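Here it is: the structure, laid out below.
First chain written, first letter: the chains are A, B and C, and each begins at residue 1.
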Amino acid sequence: MEDSVLKLKDFNAFFGENKVLKNINLDIEERKVWTILGPSGCGKTTLIRCINRMHEMTPGAHTSGQIFLKEKDIFGINPVLLRRKIGMVFQRPNPFPTMSIAHNVLAGYSLNGIKLSKNERNEIVETSLKDAALWDEVKDKLSQKGTFLSGGQQQRLCIARTLAMKPEVLLLDEATSALDPVSTAKIEELIFQLKNQYTILMVTHNMQQAARVSDKTAFLFLGELIEYNDTKEIFTNPRHKKTQDYITGRFG
Amino acid sequence: MADPQIKWRKIKNDLFKGLVVFLSLLATLPLLLILFYILRQGFSSINWSFLTNLPKPVGESGGGISNAIVGTLIIVGTAAVMAIPLGVLAGIYLNEQRNSKVARYCDLAIDVLQGIPSIVIGIIIYEWVVRTMGGFSAFSGSAALALMMLPFIAKTTQETLKLVPNHLKEASLALGVPYYKTVLKVIVPAGLSGILSGAILGIARVIGETAPLLFTAFGNPFMSTELSKPMSSLPLVIFNYATSPYEDWHQLAWGASLILILIVLTLNMITKFIESRWKIQF
Amino acid sequence: MNETLKLTDANWSKAISRKEKGFTITLWLVAISVIILVMAAFLTLLVQSIPSIKANGFSFIYGRMWNPITGEFGALPFLAGTLLTSFLALLIATPFSIAVALFLGEYYKKGMMSQLLKNMIDLLAAIPSVIYGFWGLFVLIPIVRKLQIALDIPPYGVGIFSASVILSIMIMPYAISLSRQVIQMMPSDLKEAAYALGATRFEVIRKVIFPHVLSGLFAGILLALGRALGETMAVTMLVGNTNALPDSIFAPGNTMASVIANEFTEATGAVYSAALVEIGLLLFVVVAIINLVGKRIIKHLAYT
C-alpha cells in the first residue's frame, strides 16, 4: 500500500438541492497521475473543485463527507492556505492580463503580499518556467504581457504560476481542451515530468489522453464513482458494463 | 418593367432616408450655435486679469473670476473625495454580491438617487447639512455634488467589473489569494481604466451643476478657501452674472462659460483617452 | 515562505478570516448606507413638508393661487408649467431623437460621419444646464421675440415656449442614446429576413424595426421625460417666473423646479418653506416612478 495523499470518504457535493457527487470514496497515492474520466455533466469538474474548496464559492453549493490531505481534514483547514498546497490549472488559460510573464509566475506571492528578494524572485521565475517547459520560449521576453503568448504557452504559464507556489497536489481541469494538438502534446509531455515531483489529478473527457498520460483512472458517471483502477486495466479489462460502454464509445 | 408601385416604394425609401439625415444634421445645429457664441463672446473677455482678479463692483473694469475658479476646484474636489471611494465600494458590492437581496435594494436605491432632480438634492442637503451647520458652506455644496456623483460612480464601477471575466477571480483564488485581496488586487485593477474614467466623467457631470449649489455653497464675491464658509463657483457666477442687467457682467459670464466648457471638454477627452489607451484585453 | 506555513497554522488562518470578514462587512455596510441615504432623503422631504400638507391638504395640487403673503399655496401653476414644458420639449425632441438614433443605429453604424455625430451628441449632454440657460437668454429669446411679433402676440420672449425649446435640446442626448441602444439590440436575422423578401429599408424600419423596438423607444422617451421634469437652471432662466397658470404656450410661467430655485432661500414662515419642500417631494416621487418604470422596460428588453 502506497502513501495516500488525498483520501475522499463518503463524499457528497450539492448545488442547492441537486446532488452532483454521490458517496465518493477514493484514495490517491503520492506522485501518481490520476485521471477522472467520464461523460460531460458527470461531476468530474465538481470533484476536483471540491478538493481545493473552490466548489463552495458558488452560491448555493455545499458538501458533506470528508476529504483528507495527508490525513488532515481539508474542511478544517483555512481554504486560502489549502489552495496554496493544492494548485489548480483551469480549462481556459487565464494569465493575469495586467501582469508581465515574470509577474504572472510570481502572482501567488505578490498578490499575497509576500516579500521576496530579487534573487529569490529570479530563481522562482526560472525554475517554475523550466518546470513548466516554457523557459526557453520566453526567457528573452519575461517583461512582456502574458496575454501575448499563444494559447498553449499561456496554459504552461498558468502551470508555472501554480508550480511557483510549490503545491503538493496539482489539479488540472480539462487543461488541454482549449488547446491545439501540438500544445496538447507538450502539456502531456510536461505531465510526465511533473509526476516525479507532484501528485497530479486531472479531469478529461478525452479517453486517449487518459490512456496516454495517467497511471490510474477513475470513471465517474452521473455523480457516482463507477470504478477506479490502473489505467491499463480500465481500458483493457473494465469490470463494469457502464465503463465498457463509455470507453468503447457507446455513449458519451 | 417599370412597375409604378416599385418606383413609389423606392421614392418613399429615399425620402425617408433624406428626412433622417436632414433631421440628424439639424439636431447638431444648436450645439454648433452654442459653441460658436461661447467661443466668440468668451475669448474676447478672457485675459490674465480675468483669471487672477476678484470680481469688481459694477462699472469698474478689470474684474475677474479667480475666486470662482478656486471655489469650483475646492467644492468639486471635496465632493470627489467623498463620492469616489463610496461609489467604487458600492459598485464592487453590487458586482460581487449581485444575487443578494441587499444588492437588489441597493441597485434600486441607486436608480432612485440617480433620478432625483438636482434642485431636490439641494433641498435635501440644505436640510441635512446647512441647517445642522447653521449656514451656507462650501462643504454643503460638496455634499450635494457628492450625492449626485455617487450613483453614477457606483453604476460605472459595477458595469466595468461585470466585464471582468470570472476566470481571473478563480485563478487568483486557486493560488491561495484571500478573497479580499483577489477583489482589490486582481478584479479592481482589471477594471481600473473603466472605474477611473467613470470617476472623471462623474466629476465632469457635476462640475457644471448650479441648482444644488444655490442653497448650499451659495456663492461669495470674495476669495474664500474655507469649507465651512460660503464659496463661489463657476456655475453660480455664470447664473448670477447672466441674469444681472449689466453688460460688463454678461461679458464676465461669457468668459466664465468658456472656462467651464473647456474644463468639461478636457475631462471628457481625458476619459476617452483613458478608455482607448488603457483598455485591458482579457 | 510556503514551507514556514503549516496546514494548521491557526493564528495565520484566524488573521486571514478576520480580514476576509472585515472586507465583506465593509462592502455590506456601504451598500446598506446607500439604501439608508435614499430612504432618509425621502423621509426628510416628507417630514419637512408636513406643515404644508397639514395646512393646504389636497388644495395644494389643484389650487391656482400661490401667494405667500396671504398664505395661499396652490401649486397648480407650477405643476402645469412643468408638465407643459416637459411635454412640449418631448414633442420637439422626439422626431429628432428617433432620426439621430436611426442614423447612428441603422443607416450609418460606422464611419467618420456617425462617429462625429455621436461625439457631438455626447457633447450636447456635457454642456452644463446654466450655460444652456445663458445662451437661451441672449440668443434664443431674441429669436422667439421676433417670432412673437410676427405672430402678433405679446413679445415677452421668455416663457413656456422658450423653456421648452431649450429643454428639448437638453434631453435629446438621453433619448438618442437609449433609442440607439434598443435599435441596435434588434436581432439582425429579423431584418435580414425582411430584406430577403425584397423589402426596402424604409419598409423594414417601419414594419420590422419600429414594432420591435416600440416599447424601448417608449422607455427612452420616458427617461428623457424624467430628466425634463427635474431640469432646473435653464428653465428657471427662460420660463419667465410668473406664478400664474399659463394661458398659452408663449405665456410666461413657472415650473416646480424653478419655483424652488427662485424662492427657497427667501421663503419665510414654516408653511411657505414646507410648501416648497412639498413641491420637491412631488418631483422626487414622480421622477423616481418614471425612472423605475423606464428602466424596468429597458431591462426587460435586454433579457428577451
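We take it that a residue touches a chain if its C-beta (ideal position, glycine included) is under 8 Å from a C-beta of that chain, and two chains touch if they have at least 3 such contacts.
Note that the structure is a prediction, hence the values are computed from the model and not measured.
Student: Going chain by chain, each one touching the next, work out the least steps from chain B to chain C.
Tutor: Minimum number of steps from chain B to chain C: 1.
Student: Mind having a look at which chain is the central one, using mean CA positions?
Tutor: Taking the mean of all protein C-alpha atoms as reference, the closest chain is B.
Student: Which two chains have the most C-beta pairs in contact?
Tutor: B-C
Student: Calculate how many whole Å lie between the centre of chain B and the centre of chain C, each centre taken as the average of the chain's C-alpha atoms.
Tutor: 15
Student: Taking each chain's centre as the mean position of its Cα atoms, how many Å separate chain A from chain B?
Tutor: 48
Student: Give, as an integer number of Å, the spacing between the C-alpha centres of chain C and chain A.
Tutor: Averaging C-alpha atoms per chain gives centres 53 Å apart.
Student: Give the residues of chain B touching no fewer than two other chains, as numbers and ranges.
Tutor: In chain B, the residues touching two or more other chains are 178.
Student: Which positions in chain A touch two or more other chains at once?
Tutor: Only 80-82, 84-85, 165 qualify.
Student: Provide the list of chain C residues touching at least two other chains, using ranges where the numbers run on.
Tutor: 16
Student: Per the contact definition, I'd like the list of chain B residues that touch chain A in the complex.
Tutor: Those in contact with chain A are residues 99, 165, 167-168, 170-178, 181-182, 185-186, 189-190, 280-282.
Student: For the complex, which residues does chain C have touching chain A?
Tutor: The touching residues are 1-3, 5, 7-9, 12-13, 16-17.
Student: Inside the complex, what are the residues of chain A that reach chain B?
Tutor: The contact residues of chain A facing chain B are 52, 54, 57, 59, 80-85, 87-88, 90, 92, 94-98, 107-108, 111-113, 147, 158, 161-162, 165.
Student: So in the complex, which bits of chain B are touching chain C?
Tutor: Residue positions touching the partner: 9-10, 12-13, 15-17, 19-24, 26-28, 30-31, 33-34, 37-38, 86, 89-90, 92-94, 96-97, 102-103, 105-106, 108-120, 122-124, 126-128, 147, 150, 154, 178-180, 183, 204-205, 207-211, 214-215, 218, 235, 238-239, 242-243, 250, 253-254, 257, 260-261, 264-265, 268.
Student: What residues of chain A sit close enough to touch chain C in their complex?
Tutor: Listed in rising order, the residues of chain A that touch chain C are 69-70, 72, 76-78, 80-82, 84-85, 109, 114, 116, 165-166.
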